[in-house]
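Take a look at the structures below.
Each of the next two complexes has subunit A plus one more chain, namely subunit B in the first and subunit C in the second.
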Partner chain A sequence: MTKISVTIDDKKLDVDVGKTILEVCKENGIEILTMCHLKGLTNTGACRLCLVEIEGVNKLLSACTTKITANMIIRTKTEKIKRYQLITSELFFAERNHVCSVCVANGKCDLQKLGYKTEMDHIRYPYLFPQCEVDTSHPWYVLDHNRCIMCTRCVRACSEVEGAYNWNVMNRGYQVRIISDFDTPWGESVTCTSCGKCVHACPTGAIWPKAIVQGQLEKKPEIIAELMEKRKMNL
Partner chain B sequence: MSKKKIATVWLGGCSGCHMSLLDIDERILDVAKLADIVKCPIVDGKELPEVDIVLVEGSVTSDEHLREILHIREQAKALVALGDCAVTSNITGMRNYFDLKEVFDTAYINAVSNDKEGSVPGHPELLKLRDKVVPLQEVVKVDFVIPGCPPDADTIFYVLFEFLNDRIPNLSEVKKLRYG
Partner chain C sequence: MNRQDLQTIIHSEKLKEENNKYKHKLCVCCGAGCISSGSEEVLKKLQEEVITRGMESEVEVIATGCMGPCNQGPLIKFLPEYTIYQKVDCSNIKDIVQRQLVEKKPIEDLLLFADSRLTPFIDAREDPYYKKQMKIALKNCGHINPERIEDYLVHDGYKALDKVLFQMSPEEVIAEIKQSRMRGRGGAGYPTGLKWETVYKYVSHQKYVICNGDEGDPGAFMDRSVLEGNPHRVLEGMSIAAYAVGANKGFAYIRGEYPLAIKRFELAIKQAKKLGVLGNNILGTDFSFDVEVRIGAGAFVCGEETALIASIEGKRGTPKPRPPFPAESGLWGNPTLINNVETFAGISPIINNGGEWYSDIGTPKSAGTKVFALAGKINYSGLIEVPMGTTLREIVFDIGGGIQGGGEFKAAQTGGPSGGCIPKEHLDVKMDYESLISLGSIMGSGGLIVMDKSSDMVDVARYFMEFCMDESCGKCVPCRVGTKMMHDLLKKICDANGTRIDLERLEELAVYVKECSLCGLGASAPNPLLSTLRHFRHEYESRITE
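What follows is the complex of A and B.
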């Protein structure tokens, strides 16, 4: 495969052509914060956490959706990026109900870990307190909109891996919500196969199995990538 | 070096943070060597005197809390928000999703245990709940925050000990940053 030279955080690297900045960083042990990225699913660049500075480009670009090109000079840990990552995690927490102490995912949550990584100790923005519903109509799983950060990993796992197309996104901005079918209760879905992939893809306590208690939640988001790899081998 | 004065206050919280504070166990002796505890919910103290450090548990939920926190701010050199309620409003703030009237009616009238005979208490001596619960930093300047529900005793002791030795603690640096 053709190799190109790039510089990431003052480190010169020879990398394969055609990869995203995020893939290259991961392969070379350069940590980049992500929330909406999940290996095995297409990238959407929704969470804005993986923003990087590229010399000669006058705006920050998301590492997960930007293909690496020859002679790029990329910086991933500048003060500006750290500041933006902190703001992003604060805004996640300020939007809906992310009260960790009464969350099923407490201690096992990617959003919580993100807060620790960005060194967020308090939130400088006013909380929005939107009215969000908790859908318990499915016999095995719960969808709690209060904990959702709209990463859409469940939507992509459902359509791209399971092929069921149960999940989708409704409305915009503050009123944006994940919906099952045509905004009907999850338990009444005609498309959901109850496979549970969305449960594992969800990084927070927004989708979880009923058969667990607080602190016992175990999610295996890596199964999505494993499945995709195994399917490629079969082809 | 003269002894410092510290105080702890309990506003709109469950007192869990104070329980966690008590869990520093015998290390309270190390604190006592460096400081006098001049007021806390288990010490009889009428008004908060001037202090070097005050740990405030809980969020601002009533007119009384607001008066108290404004007074605390005047009296304290360093105001530390102790626990998730003080820092983020946490569970206490979850009533912000509802109107205050709905909250009162749910608790005092419509709760099953009231047998439909309840009434909302309205004695003038009682504190008045604010429409919305707010964390401390929305009404006063907060100098340091210790999130956690409750924060670990180790974390509370670390912060106190650093302040008492005239150092600024850093929770991320010592891997003690935690919510929930």
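What follows is the complex of A and C.
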């Protein structure tokens, strides 16, 4: 494979062409915060946590969707980027009703980890406290909109990996919601195969298996990438 | 139909004769504005009146597109005298026809701007309202019947398409557009020729041309009027673009709130196909191009090009990060050219008159003319087209007739929810892309809302933030949550409950949302807030509770 040379955080690197900035950073041990990204799914650039500064580009670009090109000079940890990551983290927490102490994902939650990583000590914005439903109609799983951060990893896992297209998004702006089929209770879905991929893809405690109590959730998001790799090998 | 057939039709005596058959042409504005003030009834009554008087062999009554001063409607225009009557209602039709056509003494009290000019102009072209304007995109709007392709053919219709197909290579067409220095009229002002060239350079068996008619800015109706008043001009522009970039399929994405524009554009497609200037083997050449209409379902974000493309694909209208740009990977992953309605409307004049002619109009960095939709506290609201570089003062006072009720100008809002406010200290700003950006506003698609002293600038910012908050697609965090937070903070300040800390948070969030949002909607959503903070900071400060 052709190599190109790039500079990331003042480190000169020779990397393969055709990769995204995020992939290159991961391979080289440079940490980039992500939330909507999950290996194995298409990248949407929605959470804006992986924004990086690139010399000569007048806007911040998401590392997960931007292909790396020769001679790029990339900065991933400037003061500005760190500040913006903190604001994003605060907005996530203020948007819905995240109460870690009563959450099944407590201690294993990507959102909680994000809070630590951005060194968030309190939330400066008013909590919106929206009225959110909990859908327990599915025999095995629960969808709790209070803990959903609209990363759409479940939507993509369902359509891209399982091919069931059960999950989708409705409404606009801060009123967006994940829906099952045409906004029917999950338990009544005619498309859901109950495969559980969305459960593993979900970074928070929004989708979880029933009969689990606080902090007991075990998720394996890496199965998505493993499945996709195996499929590629069969081809 | 081949080229010769078209030439025969265009140059046939029949077409000209038909056009010159009548001594008088009576144009009734049937743009959406005038229709809503009753122009269809006026049209019917005028036709009856002409028949009653037995004048049908010398007077042709036609329905046209927008004539400009929409709030003076219904408007009727007599050609060739160019006498315009305003606020016509069915009761004074008899008098108008009698005085204008029989006695040849126009009724001065009913002429255009009779209520505000000391002596109204019998030839409306002499009125400063029209004199200061220069119509290129709107050239035939208000003169021709948009529902007849023959009317367009008489006015050099499809001449430019004929020229590119038989005399120019795609490279030459692109060179001509580049020479014109035309910039996209959708808002961002990206050079049109450069965009065309980028799409042209990508090798693909399938390319698309998309016309963006999802005009969503509050108070803006330029695209609607062009589509309603001269749909063939847009269609011709799309065909020329398709020939230049190598596309064979086009989509016109028109918002569902414009039923008349959709109807007329669909009719234009039908007529053009019948005539052979659209469809397979256009004018007997190897070039084939087909256009379909797609109707927007009321989402502002679908005016953003990647969201618009998703919507055409039948998906939820949410934007995608760029790069890759649509020029490389657009509709169904193919190279796609996407331009605004007004941009396409400006193409055929450039081909007919040459790129140099166009580049001489306007300012060095912003060539050509721009259509603005005047709204708000201005005397003559409606649609105008002026050379780039015309000052705001000329637009508001010379063309727009000043502020309603003799009030005092406070600010003009350009660019809608993505733009900003220009205060009265900058009334002499030249209206071009760079000057507006330097004042913290943008050209945008051409909405221009004039505000007087009664406008509260914090509330203006809150209004536009509410719009962006409602119209955010909800995909990315900065726009989805950031606009909601900014709106709530603005509301708090509006209600005089805001503190200095709220103002600080607001400013921090504004910069964050501007820099971090995924698409243009979020990135420009803080603009009305930032520009009012820049020019009217005291209005915020005075509301702060310590």
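The definition used in the following text is that the second predicted complex is superposed on the first by the 235 of 235 C-alpha atoms of A that agree within 3 Å, B and C clash if a C-alpha of one lies under 4 Å from a C-alpha of the other, contacts with A are read in each partner's own complex, and residues count from 1 in each chain.
Rule of thumb we're sticking to: contacts are C-beta pairs under 8 Å (C-beta built on N, C-alpha and C of every residue); 3 or more make two chains touch, one makes a residue touch a chain.
Everything numeric here is computed off the predicted structure, so don't read it as measured data.
S.K.: Given the superposition on chain A, which partner contacts more residues in subunit A: subunit B or subunit C?
M.R.: When the residues of subunit A touched by each partner are counted, C comes out ahead.
S.K.: Given the touch rule stated above, what does A:D135 touch, subunit B (first), subunit C (second), both, or neither?
M.R.: A:D135 sits against neither subunit B nor subunit C.
S.K.: When the two structures are overlaid on chain A, which partner does A:N97 contact: first (subunit B), second (subunit C), both, or neither?
M.R.: Once the two structures are laid over each other on A, A:N97 reaches subunit B alone.
S.K.: For A:Y127, using the defined touch cut-off, is the partner it touches subunit B, subunit C, both, or neither? Pick first, second, both or neither.
M.R.: first
S.K.: Under the stated touch criterion, which partner chain does A:M150 make contact with: subunit B (first), subunit C (second), both, or neither?
M.R.: In the superposition, A:M150 contacts subunit C only.
S.K.: Contacts for A:E162 in the overlay, against subunit B (first) and subunit C (second): which applies, first, second, both or neither?
M.R.: neither
S.K.: Just to be sure I read the superposition right, which of the two partners does A:E23 touch: subunit B = first, subunit C = second, or both, or neither?
M.R.: neither
S.K.: One more residue to check, A:D110. First (subunit B), second (subunit C), both or neither?
M.R.: Touch status of A:D110: no partner.
S.K.: Under the contact rule defined above, give the subunit A residues that sit at the interface with subunit B and also at the interface with subunit C.
M.R.: 124, 126
S.K.: Under the stated contact criterion, what part of subunit C meets subunit A in this complex?
M.R.: On the subunit C side, the touching residues are 299, 301, 316, 320-321, 323, 469-478, 480-485, 488, 505, 508-509, 512, 515-518, 523.
S.K.: Please give the residue numbers of subunit A that touch subunit C in the complex, ascending.
M.R.: Those residues of subunit A that touch subunit C are 44-48, 51, 59-62, 65-67, 84, 87-88, 91-92, 94-95, 124-126, 128, 150, 168-169, 171-176.
S.K.: Which stretch or stretches of subunit A touch subunit B in the complex?
M.R.: 93, 97, 99-103, 106-107, 112, 115-116, 119, 121-124, 126-127, 129, 131
S.K.: Touching subunit A in the complex: which residues of subunit B?
M.R.: That would be residues 81, 84, 87-91, 93-94, 96-97, 135, 137-138, 142, 145, 147, 149, 171-172, 177-180 of subunit B.
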